[in-house]
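Look for chain A in each of the two complexes below; its partner is chain B in the first and chain C in the second.
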Partner chain A sequence: MSFIAVFIWSYVLWLVLTAGSRGLLWSSQELVAGVIFSAIIAFATRDVIGEKASRFLNPVKWAGFIAYTPVLFWGMVKANLDVAYRVITGRIKPGIVRVPVDLENDAQYTILSNSITLTPGTLTVDACPEEKALYVHWINVTDKEPKSSEVIAGSFEKWARRLGR
Partner chain B sequence: MKSDMGLIVKTTARATIPLIGIFGAYVVSHGHLTPGGGFQGGATIAGAGILFLIAFGFGEMRKRYDHHIYSALEGLGGLVFLGMAMLGLGVAFFYNTLWHSGPFFDGQPGTLLSAGYLPIMNLAVGLKVFAGLISAMVAIAAYRRWKE
Partner chain C sequence: MIEWIIGIFLAIGVFFNLLASVGILRFPDVYTRIHAATKCTTFGTIFIVLATVTYSVYSYYWIQKDPAWITIGIHSALVVIFLVLTNPVGAHAIGRAARKSGIAPYGAVIDELEGKL
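And now, the complex of A and B:
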(Lines of atoms letter the chains of each structure in order from A and count residues from 1; the text may use other names and numbers.)
(Lines give C-alpha, C1' and ligand atoms only; values in the text may rest on other atoms or scores of the structure.)
Protein backbone atom coordinates (compact mmCIF):
# COMPACT_ATOMS: atom_id res chain seq x y z
CA MET A 1 0.00 0.00 0.00
CA SER A 2 2.78 2.46 0.75
CA PHE A 3 4.14 1.78 -2.76
CA ILE A 4 0.85 3.09 -4.19
CA ALA A 5 0.91 6.09 -1.85
CA VAL A 6 4.42 7.12 -2.93
CA PHE A 7 3.60 6.42 -6.56
CA ILE A 8 0.58 8.74 -6.57
CA TRP A 9 2.36 11.37 -4.48
CA SER A 10 5.29 11.58 -6.91
CA TYR A 11 3.17 11.19 -10.06
CA VAL A 12 1.10 14.21 -9.03
CA LEU A 13 4.29 16.29 -8.74
CA TRP A 14 5.42 14.98 -12.16
CA LEU A 15 2.09 16.05 -13.69
CA VAL A 16 2.43 19.51 -12.12
CA LEU A 17 5.99 19.87 -13.47
CA THR A 18 5.22 18.74 -17.01
CA ALA A 19 1.84 20.43 -17.49
CA GLY A 20 1.62 22.25 -20.80
CA SER A 21 3.49 19.74 -22.94
CA ARG A 22 0.48 19.49 -25.30
CA GLY A 23 -1.55 22.67 -25.23
CA LEU A 24 -2.46 23.03 -21.58
CA LEU A 25 -2.53 19.27 -21.01
CA TRP A 26 0.08 16.53 -21.11
CA SER A 27 1.53 14.73 -24.12
CA SER A 28 1.37 10.94 -23.99
CA GLN A 29 5.20 10.69 -23.92
CA GLU A 30 5.32 12.71 -20.70
CA LEU A 31 2.54 10.63 -19.13
CA VAL A 32 4.33 7.35 -19.87
CA ALA A 33 7.72 8.70 -18.74
CA GLY A 34 6.06 9.91 -15.53
CA VAL A 35 4.69 6.43 -14.82
CA ILE A 36 8.14 4.91 -15.30
CA PHE A 37 10.03 7.45 -13.16
CA SER A 38 7.34 7.48 -10.45
CA ALA A 39 7.47 3.69 -10.29
CA ILE A 40 11.25 3.81 -9.83
CA ILE A 41 11.00 6.48 -7.13
CA ALA A 42 8.14 4.62 -5.42
CA PHE A 43 10.09 1.36 -5.43
CA ALA A 44 13.16 3.08 -3.99
CA THR A 45 11.33 5.00 -1.23
CA ARG A 46 8.44 2.68 -0.41
CA ASP A 47 9.68 1.99 3.12
CA VAL A 48 10.73 5.60 3.75
CA ILE A 49 7.33 7.26 3.60
CA GLY A 50 5.88 5.16 6.41
CA GLU A 51 3.47 2.25 6.35
CA LYS A 52 0.38 4.29 7.22
CA ALA A 53 0.88 6.99 4.58
CA SER A 54 -1.86 5.52 2.38
CA ARG A 55 -4.50 7.02 4.68
CA PHE A 56 -3.73 10.35 2.98
CA LEU A 57 -5.15 8.94 -0.28
CA ASN A 58 -8.64 9.46 1.17
CA PRO A 59 -10.41 12.28 -0.80
CA VAL A 60 -12.25 13.38 2.37
CA LYS A 61 -8.82 14.22 3.80
CA TRP A 62 -7.91 16.29 0.71
CA ALA A 63 -11.10 18.30 1.21
CA GLY A 64 -10.02 18.81 4.81
CA PHE A 65 -6.63 20.15 3.71
CA ILE A 66 -8.30 22.52 1.23
CA ALA A 67 -10.68 23.72 3.97
CA TYR A 68 -7.71 24.21 6.32
CA THR A 69 -5.87 26.51 3.85
CA PRO A 70 -7.99 29.68 4.45
CA VAL A 71 -8.00 29.04 8.21
CA LEU A 72 -4.20 28.88 8.28
CA PHE A 73 -3.88 31.85 5.92
CA TRP A 74 -6.17 34.02 8.04
CA GLY A 75 -4.24 33.04 11.18
CA MET A 76 -0.98 34.05 9.44
CA VAL A 77 -2.40 37.45 8.40
CA LYS A 78 -3.59 38.24 11.94
CA ALA A 79 -0.33 37.11 13.53
CA ASN A 80 1.80 39.10 11.05
CA LEU A 81 -0.09 42.29 11.87
CA ASP A 82 0.36 41.53 15.56
CA VAL A 83 4.13 41.12 15.10
CA ALA A 84 4.29 44.38 13.09
CA TYR A 85 2.59 46.09 16.02
CA ARG A 86 5.15 44.61 18.42
CA VAL A 87 8.05 45.68 16.21
CA ILE A 88 6.83 49.30 16.24
CA THR A 89 5.95 49.53 19.93
CA GLY A 90 8.59 47.18 21.31
CA ARG A 91 6.15 45.56 23.75
CA ILE A 92 7.58 42.05 23.86
CA LYS A 93 7.97 39.53 26.65
CA PRO A 94 9.71 36.51 25.15
CA GLY A 95 9.96 33.07 26.70
CA ILE A 96 9.70 29.35 26.06
CA VAL A 97 6.53 27.67 27.33
CA ARG A 98 5.51 24.03 27.52
CA VAL A 99 2.19 23.41 25.76
CA PRO A 100 0.36 20.16 26.52
CA VAL A 101 -1.35 18.74 23.42
CA ASP A 102 -3.64 15.78 22.88
CA LEU A 103 -2.34 14.20 19.66
CA GLU A 104 -1.61 10.61 18.71
CA ASN A 105 0.65 10.28 15.70
CA ASP A 106 3.63 11.91 13.97
CA ALA A 107 1.63 13.56 11.19
CA GLN A 108 -0.57 15.38 13.68
CA TYR A 109 2.46 16.66 15.58
CA THR A 110 4.06 17.81 12.33
CA ILE A 111 0.97 19.65 11.10
CA LEU A 112 0.43 21.41 14.43
CA SER A 113 4.11 22.30 14.88
CA ASN A 114 4.40 23.71 11.37
CA SER A 115 1.19 25.71 11.80
CA ILE A 116 2.49 27.19 15.05
CA THR A 117 5.82 28.05 13.43
CA LEU A 118 4.13 29.60 10.38
CA THR A 119 2.11 31.99 12.52
CA PRO A 120 4.68 34.62 13.53
CA GLY A 121 5.31 35.31 17.19
CA THR A 122 5.35 31.63 18.03
CA LEU A 123 8.04 29.14 17.09
CA THR A 124 8.04 25.44 17.88
CA VAL A 125 11.34 24.52 19.48
CA ASP A 126 10.72 20.84 20.21
CA ALA A 127 7.97 18.25 19.93
CA CYS A 128 7.94 15.57 22.64
CA PRO A 129 5.40 12.85 21.82
CA GLU A 130 6.39 10.82 24.89
CA GLU A 131 5.26 13.60 27.25
CA LYS A 132 2.53 14.81 24.86
CA ALA A 133 3.80 18.36 24.77
CA LEU A 134 5.29 20.98 22.47
CA TYR A 135 7.89 23.52 23.55
CA VAL A 136 7.06 26.85 21.94
CA HIS A 137 9.10 30.04 21.90
CA TRP A 138 6.57 32.82 22.29
CA ILE A 139 7.19 36.51 21.61
CA ASN A 140 4.67 37.75 24.19
CA VAL A 141 4.11 35.31 27.02
CA THR A 142 0.72 35.93 28.63
CA ASP A 143 0.30 32.51 30.22
CA LYS A 144 3.41 30.86 31.64
CA GLU A 145 1.91 27.37 31.98
CA PRO A 146 -0.92 27.01 29.47
CA LYS A 147 -3.34 24.15 30.07
CA SER A 148 -4.07 23.63 26.35
CA SER A 149 -2.81 24.92 22.99
CA GLU A 150 -5.89 27.15 22.64
CA VAL A 151 -4.09 30.32 23.81
CA ILE A 152 -1.15 29.78 21.40
CA ALA A 153 -2.60 28.14 18.33
CA GLY A 154 -6.34 28.83 18.44
CA SER A 155 -8.21 26.09 16.61
CA PHE A 156 -5.11 24.59 14.96
CA GLU A 157 -4.94 21.61 17.32
CA LYS A 158 -8.48 20.56 16.42
CA TRP A 159 -7.60 20.80 12.72
CA ALA A 160 -4.32 18.91 13.14
CA ARG A 161 -6.07 16.12 15.02
CA ARG A 162 -8.62 15.77 12.23
CA LEU A 163 -6.20 16.07 9.28
CA GLY A 164 -3.51 13.71 10.53
CA ARG A 165 -5.78 10.96 11.82
CA MET B 1 24.88 5.69 16.29
CA LYS B 2 21.41 7.01 16.91
CA SER B 3 19.80 9.81 14.99
CA ASP B 4 19.62 13.18 16.71
CA MET B 5 16.83 14.62 14.60
CA GLY B 6 13.41 15.14 16.11
CA LEU B 7 10.00 13.95 15.07
CA ILE B 8 9.13 16.93 12.88
CA VAL B 9 12.29 16.63 10.76
CA LYS B 10 11.74 12.91 10.28
CA THR B 11 8.08 13.23 9.29
CA THR B 12 8.83 16.06 6.87
CA ALA B 13 11.69 14.05 5.39
CA ARG B 14 9.32 11.11 4.83
CA ALA B 15 7.06 13.35 2.77
CA THR B 16 9.73 15.29 0.85
CA ILE B 17 12.23 12.56 -0.09
CA PRO B 18 9.96 11.15 -2.87
CA LEU B 19 9.28 14.68 -4.11
CA ILE B 20 13.01 15.52 -4.32
CA GLY B 21 13.55 12.23 -6.13
CA ILE B 22 10.88 12.84 -8.75
CA PHE B 23 12.04 16.43 -9.26
CA GLY B 24 15.57 15.17 -9.85
CA ALA B 25 14.21 12.63 -12.34
CA TYR B 26 12.37 15.46 -14.09
CA VAL B 27 15.55 17.55 -14.34
CA VAL B 28 17.52 14.58 -15.68
CA SER B 29 14.94 13.43 -18.23
CA HIS B 30 14.31 16.96 -19.57
CA GLY B 31 18.00 17.84 -19.83
CA HIS B 32 17.69 18.42 -23.58
CA LEU B 33 14.62 20.70 -23.20
CA THR B 34 15.02 22.75 -20.03
CA PRO B 35 17.97 23.97 -17.92
CA GLY B 36 19.61 21.21 -15.97
CA GLY B 37 20.71 17.79 -17.11
CA GLY B 38 22.54 14.76 -15.89
CA PHE B 39 24.82 16.30 -13.28
CA GLN B 40 22.30 18.74 -11.85
CA GLY B 41 19.51 16.16 -11.64
CA GLY B 42 21.82 13.48 -10.25
CA ALA B 43 23.04 15.86 -7.55
CA THR B 44 19.39 16.70 -6.73
CA ILE B 45 18.51 13.03 -6.28
CA ALA B 46 21.66 12.57 -4.21
CA GLY B 47 20.33 15.42 -2.05
CA ALA B 48 17.31 13.25 -1.24
CA GLY B 49 19.64 10.46 -0.13
CA ILE B 50 21.70 12.88 1.98
CA LEU B 51 18.47 14.16 3.56
CA PHE B 52 17.67 10.56 4.47
CA LEU B 53 21.16 10.09 5.93
CA ILE B 54 20.92 13.24 8.05
CA ALA B 55 17.28 12.90 9.16
CA PHE B 56 17.30 9.20 10.03
CA GLY B 57 20.93 8.76 10.99
CA PHE B 58 23.72 6.52 9.81
CA GLY B 59 22.24 3.40 11.42
CA GLU B 60 19.15 3.46 9.21
CA MET B 61 21.24 4.33 6.16
CA ARG B 62 23.56 1.38 6.75
CA LYS B 63 20.61 -1.02 6.66
CA ARG B 64 19.51 0.22 3.24
CA TYR B 65 22.86 0.94 1.59
CA ASP B 66 24.65 -1.84 -0.24
CA HIS B 67 27.91 -0.64 -1.71
CA HIS B 68 28.00 -3.46 -4.28
CA ILE B 69 24.75 -2.20 -5.81
CA TYR B 70 25.87 1.42 -5.83
CA SER B 71 29.25 0.51 -7.28
CA ALA B 72 27.55 -1.50 -10.02
CA LEU B 73 25.10 1.35 -10.76
CA GLU B 74 27.94 3.85 -11.11
CA GLY B 75 29.76 1.56 -13.50
CA LEU B 76 26.57 0.98 -15.45
CA GLY B 77 26.08 4.73 -15.89
CA GLY B 78 29.55 5.13 -17.35
CA LEU B 79 29.10 2.13 -19.63
CA VAL B 80 25.76 3.36 -21.00
CA PHE B 81 27.35 6.73 -21.76
CA LEU B 82 30.20 5.02 -23.61
CA GLY B 83 27.78 2.73 -25.43
CA MET B 84 25.73 5.67 -26.67
CA ALA B 85 28.90 7.41 -27.83
CA MET B 86 29.94 4.33 -29.78
CA LEU B 87 26.56 3.80 -31.52
CA GLY B 88 27.54 5.89 -34.53
CA LEU B 89 31.06 4.53 -34.75
CA GLY B 90 30.51 3.79 -38.45
CA VAL B 91 30.79 7.54 -39.10
CA ALA B 92 32.63 8.93 -36.09
CA PHE B 93 32.91 8.62 -32.34
CA PHE B 94 30.00 10.51 -30.68
CA TYR B 95 28.14 10.65 -34.03
CA ASN B 96 24.46 11.10 -33.13
CA THR B 97 23.08 8.32 -35.29
CA LEU B 98 19.86 8.04 -33.28
CA TRP B 99 18.98 11.57 -34.27
CA HIS B 100 19.95 11.32 -37.95
CA SER B 101 18.52 7.90 -38.81
CA GLY B 102 17.53 6.22 -35.56
CA PRO B 103 14.45 4.10 -34.94
CA PHE B 104 13.45 6.21 -31.91
CA PHE B 105 14.50 9.42 -30.11
CA ASP B 106 14.21 11.27 -33.44
CA GLY B 107 10.91 13.07 -32.78
CA GLN B 108 9.89 16.68 -33.27
CA PRO B 109 12.40 18.98 -31.48
CA GLY B 110 10.88 20.13 -28.21
CA THR B 111 9.20 16.83 -27.37
CA LEU B 112 10.54 14.37 -24.82
CA LEU B 113 11.71 11.72 -27.31
CA SER B 114 13.93 13.98 -29.42
CA ALA B 115 17.63 14.91 -29.53
CA GLY B 116 18.97 11.43 -30.31
CA TYR B 117 21.27 9.98 -27.67
CA LEU B 118 21.13 13.03 -25.37
CA PRO B 119 18.27 11.84 -23.08
CA ILE B 120 19.93 8.45 -22.63
CA MET B 121 23.28 10.07 -21.91
CA ASN B 122 21.62 12.39 -19.39
CA LEU B 123 20.05 9.42 -17.63
CA ALA B 124 23.41 7.65 -17.56
CA VAL B 125 25.23 10.68 -16.17
CA GLY B 126 22.44 11.23 -13.62
CA LEU B 127 22.67 7.64 -12.42
CA LYS B 128 26.45 7.85 -12.18
CA VAL B 129 26.43 11.15 -10.29
CA PHE B 130 23.71 9.95 -7.91
CA ALA B 131 25.46 6.68 -7.08
CA GLY B 132 28.84 8.34 -6.78
CA LEU B 133 27.73 11.16 -4.49
CA ILE B 134 25.70 8.82 -2.25
CA SER B 135 28.66 6.43 -1.98
CA ALA B 136 30.99 9.32 -1.12
CA MET B 137 28.66 10.70 1.56
CA VAL B 138 28.06 7.30 3.16
CA ALA B 139 31.79 6.60 3.16
CA ILE B 140 32.45 9.93 4.91
CA ALA B 141 29.64 9.25 7.41
CA ALA B 142 31.02 5.77 8.10
CA TYR B 143 34.46 7.19 8.89
CA ARG B 144 33.76 7.68 12.58
CA ARG B 145 37.06 7.43 14.39
CA TRP B 146 37.93 11.02 15.23
CA LYS B 147 41.51 11.33 16.47
CA GLU B 148 42.65 14.49 18.17
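And now, the complex of A and C:
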Protein backbone atom coordinates (compact mmCIF):
# COMPACT_ATOMS: atom_id res chain seq x y z
CA MET A 1 0.00 0.00 0.00
CA SER A 2 2.81 2.45 0.79
CA PHE A 3 4.35 1.44 -2.57
CA ILE A 4 1.24 2.77 -4.30
CA ALA A 5 1.29 5.99 -2.27
CA VAL A 6 4.92 6.77 -3.20
CA PHE A 7 4.31 5.75 -6.81
CA ILE A 8 1.35 8.10 -7.25
CA TRP A 9 3.11 10.94 -5.49
CA SER A 10 6.31 10.70 -7.55
CA TYR A 11 4.39 10.17 -10.80
CA VAL A 12 2.33 13.31 -10.20
CA LEU A 13 5.53 15.22 -9.47
CA TRP A 14 7.07 13.84 -12.68
CA LEU A 15 4.01 14.91 -14.69
CA VAL A 16 4.14 18.41 -13.25
CA LEU A 17 7.86 18.70 -13.96
CA THR A 18 7.68 17.46 -17.55
CA ALA A 19 4.48 19.21 -18.67
CA GLY A 20 4.90 20.86 -22.08
CA SER A 21 6.82 18.16 -23.95
CA ARG A 22 4.05 17.87 -26.58
CA GLY A 23 2.24 21.16 -26.94
CA LEU A 24 1.06 21.84 -23.40
CA LEU A 25 0.61 18.13 -22.63
CA TRP A 26 2.96 15.16 -22.37
CA SER A 27 4.54 13.08 -25.10
CA SER A 28 4.09 9.30 -24.76
CA GLN A 29 7.85 8.77 -24.23
CA GLU A 30 7.70 11.05 -21.17
CA LEU A 31 4.71 9.16 -19.77
CA VAL A 32 6.40 5.74 -20.12
CA ALA A 33 9.72 6.97 -18.70
CA GLY A 34 7.77 8.48 -15.79
CA VAL A 35 6.16 5.13 -14.97
CA ILE A 36 9.56 3.39 -14.94
CA PHE A 37 11.34 5.98 -12.79
CA SER A 38 8.41 6.35 -10.37
CA ALA A 39 8.33 2.56 -9.92
CA ILE A 40 12.06 2.54 -9.10
CA ILE A 41 11.67 5.40 -6.61
CA ALA A 42 8.60 3.79 -5.03
CA PHE A 43 10.36 0.45 -4.64
CA ALA A 44 13.42 2.09 -3.07
CA THR A 45 11.58 4.32 -0.57
CA ARG A 46 8.49 2.25 0.36
CA ASP A 47 9.89 1.55 3.84
CA VAL A 48 10.86 5.16 4.46
CA ILE A 49 7.43 6.67 3.88
CA GLY A 50 5.61 4.37 6.29
CA GLU A 51 2.47 2.27 6.04
CA LYS A 52 -0.02 4.99 7.01
CA ALA A 53 1.02 7.43 4.26
CA SER A 54 -1.67 6.14 1.91
CA ARG A 55 -4.35 7.98 3.89
CA PHE A 56 -3.12 11.15 2.14
CA LEU A 57 -4.40 9.74 -1.17
CA ASN A 58 -7.95 10.59 -0.07
CA PRO A 59 -9.34 13.40 -2.33
CA VAL A 60 -11.33 14.88 0.57
CA LYS A 61 -7.99 15.54 2.28
CA TRP A 62 -6.62 17.31 -0.81
CA ALA A 63 -9.67 19.60 -0.77
CA GLY A 64 -8.85 20.28 2.88
CA PHE A 65 -5.26 21.23 2.02
CA ILE A 66 -6.45 23.53 -0.77
CA ALA A 67 -8.92 25.18 1.62
CA TYR A 68 -6.09 25.54 4.16
CA THR A 69 -3.81 27.44 1.74
CA PRO A 70 -5.58 30.86 1.92
CA VAL A 71 -5.88 30.56 5.71
CA LEU A 72 -2.13 29.99 6.00
CA PHE A 73 -1.38 32.75 3.49
CA TRP A 74 -3.46 35.26 5.43
CA GLY A 75 -1.60 34.23 8.59
CA MET A 76 1.69 34.82 6.80
CA VAL A 77 0.57 38.32 5.68
CA LYS A 78 -0.23 39.24 9.29
CA ALA A 79 3.05 37.69 10.48
CA ASN A 80 5.12 39.75 8.07
CA LEU A 81 3.41 43.03 8.91
CA ASP A 82 3.98 42.16 12.59
CA VAL A 83 7.68 41.47 12.01
CA ALA A 84 7.97 44.68 9.97
CA TYR A 85 6.50 46.63 12.89
CA ARG A 86 8.93 45.01 15.35
CA VAL A 87 11.96 45.50 13.13
CA ILE A 88 11.21 49.21 12.76
CA THR A 89 10.25 49.98 16.37
CA GLY A 90 12.35 47.30 18.10
CA ARG A 91 9.56 46.68 20.63
CA ILE A 92 9.96 43.05 21.72
CA LYS A 93 9.20 41.03 24.86
CA PRO A 94 10.43 37.50 24.08
CA GLY A 95 10.09 34.25 25.96
CA ILE A 96 9.70 30.51 25.49
CA VAL A 97 6.26 29.26 26.54
CA ARG A 98 4.84 25.77 26.84
CA VAL A 99 1.70 25.26 24.76
CA PRO A 100 -0.45 22.21 25.50
CA VAL A 101 -1.94 20.73 22.33
CA ASP A 102 -4.35 17.89 21.74
CA LEU A 103 -3.03 15.99 18.70
CA GLU A 104 -2.59 12.29 17.99
CA ASN A 105 0.00 11.61 15.31
CA ASP A 106 3.25 12.96 13.89
CA ALA A 107 1.74 14.43 10.72
CA GLN A 108 -0.50 16.68 12.81
CA TYR A 109 2.47 17.84 14.88
CA THR A 110 4.42 18.61 11.69
CA ILE A 111 1.58 20.62 10.16
CA LEU A 112 0.89 22.55 13.36
CA SER A 113 4.52 23.42 14.14
CA ASN A 114 5.25 24.49 10.57
CA SER A 115 2.16 26.70 10.60
CA ILE A 116 3.16 28.18 13.95
CA THR A 117 6.63 28.99 12.63
CA LEU A 118 5.18 30.79 9.61
CA THR A 119 2.55 32.84 11.44
CA PRO A 120 2.58 35.90 13.73
CA GLY A 121 5.43 36.25 16.18
CA THR A 122 5.95 32.60 17.09
CA LEU A 123 8.65 30.01 16.41
CA THR A 124 8.48 26.35 17.40
CA VAL A 125 11.63 25.45 19.33
CA ASP A 126 10.74 21.96 20.53
CA ALA A 127 7.87 19.53 20.06
CA CYS A 128 7.18 16.87 22.69
CA PRO A 129 4.54 14.37 21.51
CA GLU A 130 5.04 12.37 24.77
CA GLU A 131 3.79 15.19 26.99
CA LYS A 132 1.46 16.60 24.30
CA ALA A 133 3.08 20.01 24.21
CA LEU A 134 4.93 22.39 21.95
CA TYR A 135 7.62 24.76 23.19
CA VAL A 136 7.20 28.00 21.31
CA HIS A 137 9.48 31.04 21.25
CA TRP A 138 7.07 33.95 21.33
CA ILE A 139 8.38 37.37 20.38
CA ASN A 140 5.77 39.29 22.38
CA VAL A 141 4.57 37.27 25.37
CA THR A 142 1.07 38.27 26.47
CA ASP A 143 0.11 35.05 28.29
CA LYS A 144 2.85 33.24 30.22
CA GLU A 145 1.02 29.94 30.66
CA PRO A 146 -1.48 29.46 27.85
CA LYS A 147 -4.13 26.82 28.49
CA SER A 148 -4.62 26.02 24.80
CA SER A 149 -3.00 26.95 21.50
CA GLU A 150 -5.76 29.49 20.80
CA VAL A 151 -3.72 32.58 21.75
CA ILE A 152 -0.66 31.34 19.85
CA ALA A 153 -2.00 29.81 16.70
CA GLY A 154 -5.65 30.82 16.36
CA SER A 155 -7.58 28.14 14.50
CA PHE A 156 -4.51 26.24 13.25
CA GLU A 157 -4.83 23.44 15.79
CA LYS A 158 -8.28 22.55 14.47
CA TRP A 159 -6.96 22.60 10.90
CA ALA A 160 -3.96 20.44 11.80
CA ARG A 161 -6.14 17.91 13.60
CA ARG A 162 -8.46 17.63 10.60
CA LEU A 163 -5.73 17.50 7.92
CA GLY A 164 -3.39 15.01 9.56
CA ARG A 165 -6.02 12.52 10.73
CA MET B 1 -0.44 47.38 -17.26
CA ILE B 2 1.39 44.05 -16.95
CA GLU B 3 4.59 45.90 -16.10
CA TRP B 4 2.80 47.53 -13.19
CA ILE B 5 1.48 44.25 -11.80
CA ILE B 6 4.89 42.58 -12.08
CA GLY B 7 6.54 45.68 -10.65
CA ILE B 8 4.25 45.68 -7.61
CA PHE B 9 4.91 41.97 -6.96
CA LEU B 10 8.67 42.48 -7.25
CA ALA B 11 8.54 45.55 -5.01
CA ILE B 12 6.67 43.66 -2.25
CA GLY B 13 9.06 40.71 -2.55
CA VAL B 14 12.23 42.77 -2.44
CA PHE B 15 10.87 44.92 0.39
CA PHE B 16 10.23 41.91 2.62
CA ASN B 17 13.58 40.33 1.78
CA LEU B 18 15.26 43.62 2.69
CA LEU B 19 13.24 43.67 5.90
CA ALA B 20 14.60 40.23 6.76
CA SER B 21 18.17 41.48 6.38
CA VAL B 22 17.48 44.56 8.49
CA GLY B 23 15.85 42.35 11.09
CA ILE B 24 18.93 40.13 11.29
CA LEU B 25 21.02 43.23 11.98
CA ARG B 26 18.63 44.84 14.47
CA PHE B 27 17.33 42.00 16.64
CA PRO B 28 19.31 41.08 19.78
CA ASP B 29 19.65 37.26 19.77
CA VAL B 30 19.47 34.14 17.65
CA TYR B 31 15.74 33.34 18.17
CA THR B 32 14.40 36.76 17.24
CA ARG B 33 16.75 36.79 14.25
CA ILE B 34 15.33 33.44 13.12
CA HIS B 35 11.88 35.04 13.35
CA ALA B 36 12.87 37.78 10.93
CA ALA B 37 14.86 35.53 8.61
CA THR B 38 12.28 32.75 8.21
CA LYS B 39 8.99 34.59 7.90
CA CYS B 40 10.13 37.51 5.78
CA THR B 41 12.29 35.57 3.30
CA THR B 42 9.56 32.97 2.72
CA PHE B 43 6.94 35.63 2.14
CA GLY B 44 9.17 37.82 -0.05
CA THR B 45 10.23 34.89 -2.21
CA ILE B 46 6.57 33.92 -2.74
CA PHE B 47 5.94 37.34 -4.26
CA ILE B 48 9.07 37.29 -6.43
CA VAL B 49 8.00 33.89 -7.82
CA LEU B 50 4.47 35.23 -8.31
CA ALA B 51 5.97 37.92 -10.54
CA THR B 52 7.79 35.23 -12.54
CA VAL B 53 4.60 33.20 -12.96
CA THR B 54 2.62 36.27 -14.05
CA TYR B 55 5.28 37.17 -16.59
CA SER B 56 5.46 33.65 -18.04
CA VAL B 57 1.66 33.32 -18.40
CA TYR B 58 1.48 36.76 -19.99
CA SER B 59 4.28 35.92 -22.43
CA TYR B 60 2.63 32.64 -23.42
CA TYR B 61 -0.69 34.24 -24.29
CA TRP B 62 0.38 37.55 -25.79
CA ILE B 63 3.97 37.32 -27.05
CA GLN B 64 4.74 33.82 -28.29
CA LYS B 65 2.82 30.52 -28.00
CA ASP B 66 5.84 28.60 -26.75
CA PRO B 67 5.26 25.91 -24.05
CA ALA B 68 8.65 26.80 -22.59
CA TRP B 69 6.99 29.82 -20.95
CA ILE B 70 4.51 27.57 -19.14
CA THR B 71 7.37 25.29 -18.07
CA ILE B 72 9.11 28.26 -16.48
CA GLY B 73 5.94 29.17 -14.60
CA ILE B 74 5.30 25.65 -13.30
CA HIS B 75 8.88 25.11 -12.19
CA SER B 76 9.00 28.39 -10.27
CA ALA B 77 5.69 27.55 -8.58
CA LEU B 78 7.17 24.20 -7.50
CA VAL B 79 10.18 26.01 -6.03
CA VAL B 80 7.88 28.06 -3.84
CA ILE B 81 6.02 24.95 -2.61
CA PHE B 82 9.28 23.30 -1.59
CA LEU B 83 10.48 26.50 0.05
CA VAL B 84 7.31 26.83 2.15
CA LEU B 85 7.58 23.17 3.20
CA THR B 86 11.28 23.19 4.13
CA ASN B 87 11.96 26.70 5.45
CA PRO B 88 10.09 26.37 8.78
CA VAL B 89 11.69 22.96 9.39
CA GLY B 90 15.14 24.51 8.97
CA ALA B 91 14.23 27.33 11.34
CA HIS B 92 12.96 24.83 13.91
CA ALA B 93 16.19 22.80 13.65
CA ILE B 94 18.39 25.87 14.12
CA GLY B 95 16.33 27.14 17.05
CA ARG B 96 16.32 23.76 18.79
CA ALA B 97 20.07 23.33 18.26
CA ALA B 98 20.68 26.79 19.69
CA ARG B 99 18.58 26.03 22.79
CA LYS B 100 20.32 22.68 23.24
CA SER B 101 23.73 24.32 23.22
CA GLY B 102 22.57 26.50 26.11
CA ILE B 103 21.85 29.87 24.50
CA ALA B 104 19.22 31.59 26.63
CA PRO B 105 16.74 33.88 24.86
CA TYR B 106 17.69 37.53 25.34
CA GLY B 107 15.55 39.43 27.82
CA ALA B 108 13.14 36.52 28.30
CA VAL B 109 10.15 37.09 30.57
CA ILE B 110 9.66 33.31 30.78
CA ASP B 111 11.76 30.35 29.67
CA GLU B 112 9.98 27.01 30.07
CA LEU B 113 12.78 25.08 28.41
CA GLU B 114 15.38 26.15 31.04
CA GLY B 115 17.19 22.97 32.11
CA LYS B 116 14.92 20.67 30.08
CA LEU B 117 16.85 19.93 26.92
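Just so it is clear, the second predicted complex is superposed on the first by the 164 of 165 C-alpha atoms of A that agree within 3 Å, B and C clash if a C-alpha of one lies under 4 Å from a C-alpha of the other, contacts with A are read in each partner's own complex, and residues count from 1 in each chain.
Note that a residue touches a chain if its C-beta (ideal position, glycine included) is under 8 Å from a C-beta of that chain, and two chains touch if they have at least 3 such contacts.
These numbers come from a predicted model, not from an experiment.
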Superposition on chain A - do chain B and chain C clash or fit: fit
Partner chain in contact with A:S113 - chain B first, chain C second, else both or neither: both
Touched partner set for A:D126, first chain B, second chain C, both or neither: both
First, second, both or neither for A:K93, with chain B first and chain C second: second
Touched partner set for A:I41, first chain B, second chain C, both or neither: first
Which of chain B and chain C A:L17 touches, first, second, both or neither: both
Inter-chain angle, chain B to chain C through the CA centre of chain A, in degrees rounded to a multiple of 10: 80
First (chain B), second (chain C), both or neither touched by A:E30: first
First (chain B), second (chain C), both or neither touched by A:V6: first
Contacts of A:A53 with chain B and chain C, given as first, second, both or neither: first
Partner chain in contact with A:K144 - chain B first, chain C second, else both or neither: second
Closest Cα approach, chain C to chain B, once both complexes are overlaid on chain A (Å): 7
Doubly contacted chain A residues - partners chain C and chain B: 17, 21, 113-114, 124, 126
Chain B partner contacts - residues on chain A that touch it in the complex: 6, 9-11, 13-14, 17-18, 21, 27, 29-30, 33, 37-38, 40-42, 44-45, 48-50, 53, 106-107, 109-110, 113-114, 124, 126-127, 129
Residues of chain A defined as touching chain C within the complex: 16-17, 19-21, 23-24, 76-77, 79-80, 83-84, 86-87, 90, 92-98, 113-114, 117-118, 121, 123-126, 135, 137, 139, 141, 144
Partner chain A, residues of chain C touching it in the complex: 16, 19, 22-23, 26-29, 31-32, 34-36, 38-40, 42-43, 46, 67-68, 70-71, 74-75, 78, 84-85, 87-89, 91-92, 95-96, 99, 105-113, 117
Touching residues (chain side chain B, partner chain A) in the complex: 6-8, 10-15, 17-19, 21-23, 25-26, 29-30, 52, 107, 111-113
